[in-house]
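Following this line, the structures themselves.
What follows is a pair of complexes built around chain A, which joins chain B in one and chain C in the other.
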Partner chain A sequence: MLSQILYALPFLAAGFAVTLWVSLLVVVLSLIAGVLLGVGLVYGPMPLRWAVRIFSDTIRGIPILVLMFFVYYGLPAIGLHLPSFWAAVSALTLFKTAQVIEYLRGAVGSIPKGQFEAAMAIGLTFRQRLTYVIFPQAFRRFLPPWINGVTDAVKGSALVSLLGITDLMQAINQVIGRTYEAMPLYILGALIYFAVNYALSLASRRLERRFSFIRE
Partner chain B sequence: MSEAPNAGPVLLDVRDVSKAFGTVEVLRSVSLQVKRGEVVTVIGPSGSGKTTLLRCVNFLESYDSGSIRIDGNEVGYREAGTRQRRRERDLAAMRAETGMVFQSFNLFPHLTAAGNIMLGLTKVRGKKEAEARSIAEHWLGRVGLAHKADSLPAELSGGQQQRVGIARAVAMEPKILLLDEITSALDPELVGEVLAVVRSLAEDGMTMLMVTHEMAFARDASSRIVFMADGGVSAVGPPKEILAAETTNERLRTFLARFRASHF
Partner chain C sequence: MGYALNFNLIWRHFDKLWGGLLLSLELAVISIAIGVVIGLVLAVWYVSAGRVVRAVIAAYVEFIRNVPLILLVYLVFYGLPTVVDLAYSAPTSFVLTLSVYSGAYLVEVFRSGLEAVPRGQLDAGKAIGLTPWQRLLHVRLPTMLRITLPALSNTFISLFKDTSIASVISVPELTFGAQWINFNTFRIVEVYLVTTAMYLVTGYIMLFGLRLVERRFRAAR
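This part shows the complex of A and B:
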């Protein structure tokens, strides 16, 4: 059994790299898009707020799997053909973006209005108010749900295997397809996913402690 | 000090400013002038529009009609009678010319006392870190908190926080200082230390427009007192005149009587 695992390791490593790559893309892209749209939701003009609200509610109301199949199998109908890898990454990013929007709204919304006004009163521009006053305070509240979201993204990336992409999950299935030894490989896979996510939550806890200056 | 010996030309000129929140008129054609070096106090029952007026002066609040000028410059809107808001960058620059101190202090909790003061100096005034630091230390000294430069707001008492709030506002060298009920959130024994700071700034000739419920302070420190009721200016005059028990202004008399009843 151990020999089978050792034999499969290089193959699993390649899949694991794909899992990490997908996760990284999704996390980074959704962070950028989610923060921008989240700022739009909190501070933007009414039409923008509504647009972001509808986007976020719609996307969060759809199962990721449906979203992924929709992007891959549905969008070609309107002439948008995405390769399976990018279809999967886009769908996961859309989903994660909607979540980041909500984390941002919650975190920024928890900062008293007086902070924004005080920053206004000393003459900071909108961008400076966010950069130097709001975000540093909101960061601590944004972090825990966001890290949770990151671990979800790592776990959720396993769905890309359903579009035939050879990530860690798909690699495990393929090895099992050859060896018919499901249990040890699934346990191994679970351990790998767990190791990544546990490391993330440890890092998160350390970061949170560093930013715990705010009075409650 | 009630004569404001060094009062100069009109610095703040509020003309016919009106504002409504929905159907509620909070400001009804308010006009008010503050001369350079003057300390003008706005009093009045809650809901009379005092705070809203103050917030319009640095455009934390927009207004529906009328004009507010500081040193001849229209505050929130572009010239030529249009209701076109100034661009974000211009608004920020205008706001830097007015200092504001808040009832709830609103210090930035993630920055030290000195850091709170330095933020505007470095980001808005473009000063170097070292220069901003020495200015911050100077003003902290002025408000009696030189030893608290590196304390976070959470480590300071309410009175100390508010003194940092004042230092943060005046360090920007504003043309006018707006004080919005700055002692209302303080324990009674901490009010004195904050008012002492305000008094010393007034003695230095800082132009101030303040909303307060501290009548004794208003009487001693103001050049003029403005009494607001129902969103309008009901009476303006020197403290002696406004706070006189025999005033003929019905509203003012009621306000003062109620005030005396609850405070003495």
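This part shows the complex of A and C:
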């Protein structure tokens, strides 16, 4: 049993690399999209605010799995052919973007209005107000939930296995298909996911503690 | 483009979606009910227990929360029967998994709620001569529930959405029904539009219901 698992280790490692790659793409892309849309939600004109609000509430209201099938099977029907990898990444990114929008709204919303008005009064442009006044203060509110959300991205990435992408989850299932050692391999997989995510949540907690001394 | 929406085939097979939604709700309600019991018992035990028990409960919570649900679903359905002499159907297996999964999230919710109950309340309970059991039942738990209701609502709705994972072990819930129609009729955009709407409407009905409960209990304060 052990020799079979050892034999499969390089294959599992390749799957794990895909898991990390998918997670990284989702985290980075959703951070960019989420911050832009989040700023649109807080400071944008009414129609943009409504659009972002509807986007966020809709996406967060449906299971990621349904969103992923929708993107994967639905896009070709309207003439967009994405490889399964990018379909999966897009779906997970859409979901994560909606979450990032909410983290940003919460973080920026916690900054007193006077800060923005003071920055306006000393003649800073909109972009300067955000980069020099609002974001540095909102950062410590944004970071802990966001890092916690990164663990969700790693866990969510296991769903890409359902589109036939050989990530860690799929690699485990394939090794089980050959060796019939279901229980040891699922436990091994669980421990790998646990190690990554637990490290991330410890980092999140440490940051939260580090920032908690600052009082308004 | 060249894709014309046609919902006829969706309505013809709508029983797959409707029956699926009812099963999703059933899976969610049973799992959440068991999860609430697990969560309450372990949270109450945690706040009054010694180091060893705390470590064991924390290990359960951290382990479950840091592993993908889909892996746990596979583990219980395909893995567990290979080492223990148990036979269960896919829906039972999923309820078992989601119960243990929701339990871990709910321990956290209840524990932070219990720790947020003001000390003065407990001292007051002691001062008027309540036994520890009475203090728990009449002071600590009601106050904790009031504090945790918003977080609780979010967890419940999130768990309802998680029932979609049951489709990977062929439990005929809503997502499974959607896939069946997808593969058998190829009205792909239509079926996922309808399914999305069904999840959204159900989720928002749950949300409004839970908000009503929250408001009622806030008023009683």
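Couple of notes before you dig in:
Rule of thumb we're sticking to: the second predicted complex is superposed on the first by the 206 of 216 C-alpha atoms of A that agree within 3 Å, B and C clash if a C-alpha of one lies under 4 Å from a C-alpha of the other, contacts with A are read in each partner's own complex, and residues count from 1 in each chain.
To be clear about the criterion, a contact is a pair of C-beta atoms (placed from the backbone, for glycine too) under 8 Å apart; a residue touches a chain by one contact, two chains touch by 3 or more.
Quantities reported herein were computed from a predicted structural model and do not represent experimental measurements.
When the shared chain is aligned, chain B comes close enough to touch A:Q128, but chain C does not.
Annotation for chain A, partner touching more residues between chain B and chain C: C. In the overlay built on the shared chain, the residue A:A17 is in contact with neither chain B nor chain C.
In the superposed pair of complexes, A:M120 makes contact with chain B only, with no contact to chain C. By the touch criterion stated above, A:P136 is placed in contact with chain B alone, chain C being left untouched.
Within the superposed three-chain model, A:A190 lies in touch with chain C and out of touch with chain B [touch as defined at top]. Of the two partner chains placed around the shared chain by superposition, chain C is the only one that A:L159 touches, whereas chain B remains out of contact.
The residues of chain A shared by its contacts with chain B and with chain C come to none at all. Only residues 1-3, 62-63, 65-72, 74-75, 78-80, 82-83, 161-165, 167-168, 175, 178-179, 182, 188-189, 192, 195-196, 199-200, 203-204 of chain C touch chain A when the two sit together in their complex.
Interface residues of chain A, counted against chain B in their complex, comprise 112, 114-115, 117-126, 128, 132-133, 136-137, 213-215. Remark: chain B residues 58, 60, 88-89, 92-100, 102, 104, 106-110, 119-120, 123-124, 152-154, 168-169, 172 touch chain A in the complex. Those residues of chain A lying in contact with chain C across their complex are 58, 61-66, 69-70, 73-74, 77-79, 151, 154-159, 161-162, 169, 172-173, 176, 182-183, 185-187, 189-190, 193-194, 197-198, 201.
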